[in-house]
Amino acid sequence: MAVIRLGYVHVRVTDLAQARQHYQETLGMDPVHEEDGRVYLKSWDEDDHHSVVLEEGGVGLVKFGYKVTGDGTLDAIETRARSFGASCERMSKGDNAGVGDGLRVTLPSDHVLELYSDVEYLGTNVGKLNPAPWPRGLRGIGVPRINHALITTEDPALLERFFQDVLAFRPAERLVAGDEDSDLVGSWMYCGDQPHDIAFVKGANGKLHHFAYEVDDWSALLRAGDVMSMDDVPIDFGPARHGITRGGTIYFFDPSGNRNEVFSGGYRTGPDFRPITWTMDQAARGINYTHREIDQAFLEVVT
Amino acid sequence: MAVIRLGYVHVRVTDLAQARQHYQETLGMDPVHEEDGRVYLKSWDEDDHHSVVLEEGGVGLVKFGYKVTGDGTLDAIETRARSFGASCERMSKGDNAGVGDGLRVTLPSDHVLELYSDVEYLGTNVGKLNPAPWPRGLRGIGVPRINHALITTEDPALLERFFQDVLAFRPAERLVAGDEDSDLVGSWMYCGDQPHDIAFVKGANGKLHHFAYEVDDWSALLRAGDVMSMDDVPIDFGPARHGITRGGTIYFFDPSGNRNEVFSGGYRTGPDFRPITWTMDQAARGINYTHREIDQAFLEVVT
Amino acid sequence: MAVIRLGYVHVRVTDLAQARQHYQETLGMDPVHEEDGRVYLKSWDEDDHHSVVLEEGGVGLVKFGYKVTGDGTLDAIETRARSFGASCERMSKGDNAGVGDGLRVTLPSDHVLELYSDVEYLGTNVGKLNPAPWPRGLRGIGVPRINHALITTEDPALLERFFQDVLAFRPAERLVAGDEDSDLVGSWMYCGDQPHDIAFVKGANGKLHHFAYEVDDWSALLRAGDVMSMDDVPIDFGPARHGITRGGTIYFFDPSGNRNEVFSGGYRTGPDFRPITWTMDQAARGINYTHREIDQAFLEVVT
Amino acid sequence: MAVIRLGYVHVRVTDLAQARQHYQETLGMDPVHEEDGRVYLKSWDEDDHHSVVLEEGGVGLVKFGYKVTGDGTLDAIETRARSFGASCERMSKGDNAGVGDGLRVTLPSDHVLELYSDVEYLGTNVGKLNPAPWPRGLRGIGVPRINHALITTEDPALLERFFQDVLAFRPAERLVAGDEDSDLVGSWMYCGDQPHDIAFVKGANGKLHHFAYEVDDWSALLRAGDVMSMDDVPIDFGPARHGITRGGTIYFFDPSGNRNEVFSGGYRTGPDFRPITWTMDQAARGINYTHREIDQAFLEVVT
């Protein structure tokens, strides 16, 4: 049994038309479904029904979904989640457009996590027969796929234990308060062989720091930054190199203030990977390796 | 249980000093051990004892090793391999420097595959505490890590079934002889969430087509090609884009004629990934998307 | 007085509709004028009326134009050209759409060179007021501008002397037959501070080897190669690094067989630059630094 | 007659050993001469004797030198400079190590500008015979060459007129206070065919904002930023895209506080180029196209 990847992020937006403009024209996602004040969108290199849901009214994370393997995985996770003390409920086909039955778990950090294996297959925009490496006619940045989310939690150590014990994630990089053995401030955890599929840092429960799209490489980040400027997208920081994950990054905001990231690079982890430790005195380098300054908005703004 | 990654490639070389010059100075690997006419080398971003073994005398693949998770994985694989009809033997600590007990399987393609979970940990050249994204003073290309091998087999369908049934690999891309449902000519299979950890195409049993190093991105390929030219390394083809895997590539030869690759990019797969099909009429595009010509040496030279 | 840059290339094409598809949709040039079986096109970052003219009927170079400064430059060039023994004639406004009076010179290599300073200004696609770095909605490769042409001549030394004495070009790189002081085989000459604005190699008089578009960088070449493959454009070679000029390159053909190049990079020259010498034994490295093989088509195909 | 390029920048540094460490090990320049508390350095792709002079004691610009063509250029410039009302004096061989006789002009902005054509030729680190595209064994960033300087002046319009009338520079981009015809706030001027060889913005007379090194491309900027972080070099801002010049950039400081830049890209100008106008309301986009915020240190710190 295994968690496969971040499947979708469901966020609130203050104005659906503006949000749609951002995710569709600037980021280049394709709308696949619309109902009840929600727009469902998919990136060009994703197979499943959608990866982002925009819901009008407010701002911030409604919930996110991770896709899991079938064959008893949901049952096993439910058992372990209950044993961990987390509240669970079964979710039903239709609760989310295109998604089948699944499990809804409230994390120790109060975030709502949905787990599912049954989701409508739409396929990528290049197909599965002699495909081109990318589709002509992409709009804006043309993001290929979502990659991870970073959330905040009052108790990072507890949430790390949850992801480890219940979902079999492993930490790739850990930020600690003082020396190497001190309290956990943040953790970047993976379920496959990339540096992170979920991350969290100390902060208020239930909040979203950002969710990220993976782009091809550092050159794609220059072009992404250009598009953001053309479209007057507010930037938090970047282009920059992360120390943590080694990735390239630009952080920016959707029109409602939800933070997005375009991310490139990283390294290969796996079940035998020994975690990297970042100490607080090097945290600025960990976040913005190039500049080594922590941007105040980056620390404070969550939705 | 799971196979984690390609751990090492053990090849014969006609002249150990020349080979060492190539892998150490041009590719930039670090020698970690030497005994009995064998040199063991590690790339800078690899944790385990070694990833390449050079053995003087001849040319071609001696064997390769894939690292697996512990806790019964080897037993489970042995059971399935025997049930598949493959001959297996236990290998002992010390058969390979730095590697513990394991399992040695003869593939249906006559290649020798070693599986192990116990291997000496040396750590990367940047360490695990507030690491830099790369180490200063790299030599030559400065390859970070090995990535996959491509071997040849008389019966691709059989070998695909072996990797699927015994090792739980899955095909990301499949090359078929005619239309979509025709005979399998080649398969690119993964155990994690990258496009391939092993690949094979129809050809003589027991032969190596190439083994590949992963580099950061397309820009790293330009620099790698420059270094190859400075060091008079024979190039097969590239820089080019692969259609299959979407990766960037340069194929080249070590002084003994073993083919190496530097590879960048790709996409994310996973347990739910539906394989891509390439038909023979588009094979040239699949191999060299940019140029769409199949280089004769690429098809014919194996070691 | 000075020559400013290659202004336009006027080529014959066997089929105007096919050629237009290539230059407009694959390369991404904008058609600006059409008359008498000729299509005039401009790249997005060029100011002047056009940089490519396609004329139906046959294949190969009709003529090319270099823009010069005003204020007596044409008179001075005419005097020197006549003194060199080259035949000259005045050309009139309207001989080329958008171009004013000028000078038409027959080179010692039998190519027709037009020189002019008066040309209709259209402006780039990003404008001159707070411009974006590139325009949204580019088609295909989206070439920014033409850069140079390479022609063939029976007498490279004579043509080099012509460009030096009459047009004040200087050689950046020179390919010689044997050792450093032997016969000239090719010359890469500049009028500004880039590595080349014209180049020529030994071959038949009056022929075009290729004309080149400058693109942003090595990453743009990967994308350009992808577009060529999608559009089934025949490739000669590349992506590769040139030894000569250090540029990145892909050589390819328009549907009539005229060779084009996309080119990136280079270095800075200037009036004090001392030329680089390439000896014939290193010519393959000079042309394709990465691969060090001279492609037979590259040597033989001219139009 | 013509100015060829920025030849050298001569700056004061508070601690020569620290400065040397920065320019030699982090930037990768080669020291070529040392005398009287001055270190002269050259970048690997520069031909002339030196391009940076470090002089112990204080901080800020001592003077800078632009190389000109021989044959009466210095006389012509002197005539025009005197006619403009600028004070001039002849400088002598030996005033600057490796540099011959020349002309020293005090700009209307109180900066000392030296003009010379006679300078010792040392050649690049790759030579002029079948050269490699770059030399092995570069240290740190491995900057190829200096590119331009940006200075401050109380009267930008006056200084622009000086550079235009006396030195035949032309403005590529102009920043104005209000609408398109309002007062000049800054000007980016060129003498060759790149976007700028000198630039200046409104500010105190006699001050240096930064001098810049040209690097290959956007990918080189990522690597440069990594090296800066490893060597604890303070960064002002970047990596970022400039709106003005379209270049990629990182601004940073030497240990004495003199601002440096690594710069890539740009476009091609020339004698017929019509200047671009930036209005003050878009100045932030002009400076940092990606982020559109003007960094306070960037505006205020000059040396």
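Going in written order, the chains are labelled A, B, C and D, and every chain counts its residues from 1.
One rule holds in what follows: a contact is a pair of C-beta atoms (placed from the backbone, for glycine too) under 8 Å apart; a residue touches a chain by one contact, two chains touch by 3 or more.
The structure displayed is predicted, hence computed values, not measured ones.
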>> Among A-B, A-C or B-C, where does the B-D interface recur, judging by over half of the contact pairs matching in residue number?
In response: A-C
> So which has more C-beta pairs touching, A-D or C-D?
Replying inline: C-D
> Which integer distance in Å separates the CA centroid of subunit A from that of subunit D?
Replying inline: 43
>> With centres defined as the mean C-alpha position, give me the subunit C-subunit D separation in Å.
In response: 31
>> Touching at least two other chains at once: which residues of subunit D meet that condition?
In response: 132-133, 217-219, 226, 229, 241, 243, 285, 289
>> Using the touch definition from the top, list the residues of subunit A that touch subunit D in their complex.
In response: 218-219, 222, 225-226, 228-229, 235, 237-241, 243, 248, 250, 285, 289-292
> Mind pulling up the subunit C residues that touch subunit D in the complex?
Replying inline: 2, 4-5, 45, 47, 67, 69, 117, 121, 123, 128-133, 144-145, 180, 192-194, 214, 216-219, 241, 243, 246, 265, 267-268, 270-279, 282, 285-286, 289
> What part of subunit C is in contact with subunit A in the complex they form?
Replying inline: 132-134, 136, 217, 219, 226, 229-230
